[in-house]
Amino acid sequence: MRPTIRIQAEPFDSARETDALVAGRPDIGAVVAFTGFCRDEGGRLSALELEHYSGMAEAELARIVETAAARWPLSGATIIHRFGLIRPGEPIVLVLTASCHRREAFEAADFLMDYLKTRAPFWKREHLVDGTLGPWVEAAAKDEDAAGRWPIGP
Amino acid sequence: MRPTIRIQAEPFDSARETDALVAGRPDIGAVVAFTGFCRDEGGRLSALELEHYSGMAEAELARIVETAAARWPLSGATIIHRFGLIRPGEPIVLVLTASCHRREAFEAADFLMDYLKTRAPFWKREHLVDGTLGPWVEAAAKDEDAAGRWPIGP
Amino acid sequence: MRLVYFAWVRERIGRTDEEVDLPAAVVTIADLVSWLRERGEEYAYAFENDGIVRAAMDHVHVGPDTPVGNAREIAFFPPMTGG
Amino acid sequence: MRLVYFAWVRERIGRTDEEVDLPAAVVTIADLVSWLRERGEEYAYAFENDGIVRAAMDHVHVGPDTPVGNAREIAFFPPMTGG
């Protein structure tokens, strides 16, 4: 399984990524796609600014996918994470998992998101609708808890 | 929440369905998309034929979505299920769930697939590569078990 | 009352649907299955094993003890295999 | 050795990266943090609370007891908030 991992400023096309994942693979029965979007937080935000640690981000995502692939029989996996200024309603992250059966695809996608949230070196900062720069988003304790749901971690 | 439920012979476009689900909804932070594909079962199948109970299929999918919406705070949900002859590699079913946060979207999509598998009136029949008609697919005990994972059922 | 059949239940019975007038003795879905079994070997074949064939009344899943009442349409079909 | 900083750690220190020559007494990541704190109030501010700032050595997450060894690049950053 050779995963696709990309970190980019541009939006992505989840249908095209899914097509690429399943092309020529009639053994794949299930694909789970998670897309994370920028919320406006009740109209408070004009954008989120995503900073990342180039080099480590790619390496860490590759390690997270490797851990998932060792745990579930995946036919394929794709992670695309954007950086830069992202407006409410725009996608931030795409995680795709492909497997013969749905259980593995669901669990692996869920695991990838939990680990990505707590381990991939990305940081969000709020830009407010009044034109000012808001605070850096604080890490949610619930994300740490979610990553802790998986008995074997990377 | 007004779900989209469609039963159709034609393929679907998951990206377009996702766009429709999140358009004008900057409160949505997470969309989970499950796509089920026709497998070739090791090269044995030329197609799957999907029969359905028109009228009840739509009604049952609506009830399943209603049950999910009562349990998780969903911003939107889409189920599209195809019928007719479907070739290996082609999509059969799409389940989309949208929510503010990822946990609800993941759980609701997982639940919808489990219940759809055991309650929605669709039946699959195999068409074999040698040109003959294969058997009707038997219901998997693991699908019943999977639906039983959810303490409150429809 | 209209009866409809799907998948291998349809194939075994050899028809997609039919109109029937039920005798007063048919109260529940289970009674209806017993009555159908007596109508011919194609029905006996479709319902040969208890607890396999599922039923729906006016598009809602029902169990064997459900009274057929004034249902407009009752469906019989194998366990579902969609998705 | 190259040090790199991200998000509010970068803002508090006021730079994205720097080259440093570490004294022999700096053995672990925790030692490095203590040494940095002595370099000025901007560093003291960035590392004001123990256990908040995370570290990575050559692109791999590390804990405070990890020896810095011959690392080429050590990064300091807040808890991650991607996804």
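By letter and in written order, the chains are A, B, C and D; residue numbering begins at 1 in each of them.
The criterion applied here is as follows: a contact is a pair of C-beta atoms (placed from the backbone, for glycine too) under 8 Å apart; a residue touches a chain by one contact, two chains touch by 3 or more.
Everything numeric in this text was worked out from a predicted model, so none of it was measured.
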(Q) Show me the overlap between the contact partners of chain A and those of chain D. (A) none
(Q) Taking the mean of the C-alpha atoms as each chain's centre, how many Å separate chain A from chain C? (A) 48
Q | Computed distance of Cα centres, chain B from chain A, in Å | A | 23
Q: Express in whole angstrom the distance between the two chain centres, defined as the mean CA positions of chain C and chain D.
A: 72
Q. If you look at chain D, which of its residues touch at least two other chains?
A. 83
Q | Residues of chain B whose C-beta touches two or more other chains | A | 36, 102, 113
(Q) Applying that definition of touch, give me each pair of chains that meets it. (A) A-B, A-D, B-C
(Q) For a test of understanding, state which residues of chain B touch chain A in their complex under the given definition. (A) 13-16, 18, 22-40, 42-43, 88-89, 100, 102-103, 105-106, 109-110, 113, 146
Q.
Could you list, by residue number, the parts of chain A that touch chain D in their complex?
A. 36, 50-53, 55-56, 59-60, 81, 92-93, 113, 116-125, 136-140, 143
Q: Using the touch definition up top, name the residues of chain C that touch chain B in the complex.
A: 4, 6-8, 56, 59-61, 75, 77-83
